[in-house]
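Per-chain residue numbering starts at 1, and chain names A, B, C and D are given in the order in which the chains are listed.
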């Protein structure tokens, strides 16, 4: 039997059909913070599959940089480097791994990179390697030098040439310039000349160096292989995957060196003044990492707990923005007694989105990644996330929850408002693009359409983490200095002049 | 000052270094269940960017098949198809999208495919399209016909040729064989001839058909565009992303047809006997989907709640296996009052793993994907997952938790033991590979090294879902029939003989 | 010392700058004739690297089709096929070769394809393989069936489905339809049903068949391996590269079969009426080939000699259009006594051009491929080529020679004017696009800007080749029949309706 | 009727079946000479599609380097560079061209590279660009500096770092080191410091420089666009394809500069002492090129004529090795009165061969490229080629001709025996690998299996070319100096130590 059916079509608008054909770079979401790099080093007293181990370690550090990856290995004689734009598993295909598997390799370094907008160029991938007065060197770097431009200018005037706009090339040129010093001395001298936040791993064909700026802004840890070899990594989970045991963090201002015999020497080159980046605990570092003695996921739970205490609200459900708000949402749920649930479904394939975005299409971008689940229908929801950069994404998410029937949406952010740029390796937006830099709390709340909005206090962050931290992006107090504005501005214009 | 340092290296074994260079196919994990397909259809009264909308819809159905994807569009005159192995975002690069964006397109169908082991061949990708006595047809199919081989044999004897081993090609040949019937009649007749579990979307250059087997084993829903057009999809989230409003499920045994004027006609071809697949609620369908009136994530929470009631345990923490165990873990936590936390960190890049696995390497595979977080240290953990197939992965995860300091690990599974193969579109292992088919509960517990192990009962599943379901993989009662064993065995041997 | 220099710029126009960014498909030059295919077959009494040998043979047949290539191999049990768009060396990369190198392979077939405009689709690549009542079959085909559409229509009405628009699929369906006959009988019966010009190689998992239409329009030869195995190939140079010795041509209307024991049986299925395609000697077949007892390069020299006798001219230099006019130019030079020289340089990388072509850009296309050398300056040139299709290229070349200083350009063509389409496997233009079909000799001369123009006569072709040949494209007399116009026209419209 | 057929198989050996699976790099044939580079520059007074024009020019220079290609363009503000391994048409795909098509571009340079064995690395591709005290510079280079290693060593000691082993990086560092001089002065100073054979094109964001060493070893010509712009290119055919008119050659030792206003200035930096490389006329330069006033193809014909006079032989046929021996074979035929014919067929797809070569496989490599045609059967053949490097290929070709029935094979080479390495940019083998360096004429003849063998004399080369030329590879007299042996040897060891 045939039943003709014609329900009345309602005025649902197909999602911005006209703009669907624009390409979308998934990884440059301007509404997220980006760590700039992960670094690795390995030295073994006997031949090992160094390239394969570094590949595993980089895979564990993939979250610290998705634009490019590189590995450099040596057997004391040959030194081979492979790097390119792409994820670790894309860059290190079988052909590249074969080229890296040189006989009797026993040392190497690795790098994952998040490049800043407009400079996602292959030639900026690291490790960077050069031939210098000290032989062949390779370097991998996480962070930024705040006086890189001045030093670069001085080097140019002495006849140096640069092939990239990387800070890293400045450091390696500086080391090479101290032609009369040995590698360790020259590196220590360069540490003293450069200011900012940086963790660096450096190798020649026989030895590996690792160092951290005096404030220890960026993390770096030491691990040990069962055969007596050494591993350096931005975060401990890389050690675990490489089969190394955690030994300790590299200390702020410390330079460590694995010599040709495998001895680990240490120099306290700079006065230590520890202020590691708070955002490592708020968002960047892996949930299974422990940095400078403090585990990240429990710290995030504590942030949620303090936040619940600082900014309670009457509601039915605590919902995290997956995955960044999960830890704090659990903490908020525990401290508030409100039930925790996944009110937002994250499409696990969304990292590879592909379509879009004119300004109007930001909506689609969020919808490709997130969808509200039926559990929010009829509920007063506490929506928990780690931070707000521009605010547009938060607004879209509030809207998704309302469409799915949430009756109230209270946004709780487990960090203070970001008002200042980071000069130590995080790709925050320019200051004028930071919504908290130009809007009041109430204005932001209105902008994102929330029923209420609260941020964790600076004191709350300190309490939850429990150690000294850099909070410069929240309060503008830069413990490791900031660039001379004049130089910076001029430099940016010069950069802009070249898409090199 | 220089401090020589040489901590005593401990006997930590680097993770199976010797085997690191083996390739790993991320998507054929034999210890997971795989849905075989997602299907889509669209008909609009006016030109739309059909290919772009189908691409969005397929992106929302990516979890139903990651091996291949395809889109077919028509404007009533031209009909273009693009399909290949790969994820939706890989297959539909800019070049392919350009070829699909034909002028004035107003209808199309789409498909995502998970192919069974050994047959991940490009020519098996769908939609399948053919020229027949009824003109050009294209078909997209989710499920399996249990009598496909008998029908295929009969067609061969009448001179038909087949280019694939797809069930789908059998259906389309059957439809073509009814050369004197019109398309709707021929399709209805084919529905009557074929038994099994299947949802199908079919198009010619003007109209779209959608149908579901009499048991409604596989899901299929109807949506409406604001312009009066119609959309068919395996799950409602695809409708949402395409801008369509959910209308209703296609009924078991129903055939619906959007004719050239946009009218939707319906025929109840087969007697409805609804037993939709329970695994859609246990695991497959998206957490934000509602199928046959029942939302999946809340059902998963209920499964956890019933499980806590059926198999309580004294413990400190409820930990999900991410992401499959999350819903049930929340339910278990709520019903038991034990705190919920993420004791396992999932590497978000693990979908693209790359290295691996001889049998010994299974461990690395799990470690690339999961790592235990410090919150489990010193805790008695309830580990919640949705199912156990072979049991090896569960064992690895228990081990990870113990290494991270969990004092007890109690495994709770939110479905009954899988003992029987699925003949309706899920790629379960052969029966002898199903651990629950060959081991007792206690043997499985010992195998995975858990302190205790419990599965949800069949009654518990029924209670949590709350509607009639197919539980054949748990109890061997096949509501839609099963293949004649002799034919099946013979057929498998023939298949084995050709890597075609 | 510094000398400022500023020669007066002349009014040389940069080569059509505005249009440089258009893509150019190098292989679909509408001003050249295209052979549609090369075929191969191999059977060995013992395991051989069959895939590698077929790859070599296809490489030797690359000139017969550059759009797609495919290889199918079997070891009597498994049957594997790999095919794709691209040159032999592109299609058969290491990954594909590995998949083709099955253990103990002892038979296989291969194919290179030139697809007609608009249908360069992957699914049209050959070998085509199907599962049929006779088991798995694979087929490779060169030529066309003139009654394919009628037979296809009849098959459709009996319920067959087609996945391509290939003639080949018609033949394989026809063979499958004779379900009660064995493979050899069914193939012989299909040969009798089909008319046109075709050479076919066909295999199942144990045996290989080869056949040629009754007129022997397309070539096919038999070779023998030193181990007693058999090889079939479109041209003898493929035998040589595969290490096989030439035995003889397959005879017009003959079907040969290598059975499972390696015996070669022969059936004269059709009355032989040999009229092989004259263009094999004029242009298509390799210069080192001998077909039906007549070597091609010497035949081309004889064409030039006869042409010099038929159309002498007072001049200084005989210049070939490289490479197609070389043989005839040598002959013209010898018979006329005028010196031979390369007045045109062919860029050896031009097969891979990339830029272009609005109609205006035809000029750039020729310039990317050819440049006049200084030897023509001040000379009266006889320009020799094998044929004229549309005439545009010839005109461009005449212009190049004049720009380089040639005082006169006399064009001599070593074949008669092409006035009729080929229905036997050559992709000639539609009749209205053939310049000789719509213009007088004098009009063509004026069009291409030559000082004089002459074509070889039909009698001249016959004399130079020295055997019976098909001259249908010159005189419209089709020895193997031509399609019923009504059916054809209708069919073309149907095809046009689908870009499948 | 069925006729069983079983000809007696003969002992033809399938072509080295066992080795077919080895990869073959088509472009590193050790038995050919390789030019190392082609260079281009362009400056226009108004915006032009600079990238497209440079792509055309590079296409015309593809024969000078097939390993890598690069283009750099600027609009006075932005400067963009794209380069990679591959042919011009491979490197400059649509995506790369889009990135190069910056608005209002009016200048640029280009490069094609043949890299020496083992260093076909992406980072060695040119143009090389750097940021220096003089702003951003880009450089493209053809040739070699014989004192590069000494200068490099001195720069290293002053703190410079190098990222490649390219000579080119030495030159650009040297220019940057003269930080107080302007770009033209610094470049002139670098010209004076560096010795060897080199043609260089250099740009900053506003101007273009071109220069040639004092001996003019490598070619470089000046052309003019109709709009008043300037073009520099290694060979005139690149000018033609870019729509520029030939003006003159850059003079040996000359530096020319197109300033921001479009004025062309010239400095005679080095004393001109012209000895251009003879091999440009013998083999490298295109047949349609005229360098330093002498056309190449006619010079090749004259070489054949002189050779026929110096080394006559009684024979029936003059056969060139295609394509390198064609010009000389025509000349030999004319002077000797023996008929010219193509006794060897060259597979036009052979540039992309793929299979290969242990030493035993050299034979297959030649057979993939060349096949003897039937015209040589029963003939006494004069086989003409341009040069012999190792002699293996010549031996294979002689064998091919004999297999095809040639009764005698007399080899005639249109250049003297190569006995010395080139230090000015040609990739000759090491001296011990040059057959003429270690064997007598009679030994070479025996090695290649010829009935007789003769080389053109040095006097013959001079007579045929008609101007002063560098003959260092024949007589060891290096007009532009040669590297200090000690430094060279040490350097090579260092290079070997790194696969960088």
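Descriptive notes on the structure:
Basically, a contact is a pair of C-beta atoms (placed from the backbone, for glycine too) under 8 Å apart; a residue touches a chain by one contact, two chains touch by 3 or more.
This structure is a prediction, so every number in the text was calculated from the model and none was measured.
Seen from the C-alpha centroid of chain A, the farthest chain centroid is that of C. One finds 34 Å separating the Cα centroids of chain C and chain D. If each chain is reduced to the centroid of its CA atoms, chain A and chain C end up 58 Å from each other. In chain D, no position touches at least two other chains. In terms of which chains touch, the assembly is arranged as a closed ring, every chain touching its two neighbours and no others. Working note: touching chain pairs come out as A-B, A-D, B-C, C-D. Of all residues in chain D, those touching chain A in their complex are 77-81, 102, 128-133, 136-137, 156-163, 165, 172-173, 176-179, 205, 497-500. Residue ranges of chain C in contact with chain D, taken from their complex: 1-7, 9-15, 17-18, 20-21, 23, 48-49, 52-53, 55-56, 59-60, 62-63, 87-90, 92, 94, 97, 101, 224-228, 237, 240-245, 247, 263-268, 286-288, 290, 295, 297-298, 301, 323, 326-327, 330, 334, 339-342, 345, 347-349, 351-355, 367-368, 371-375.
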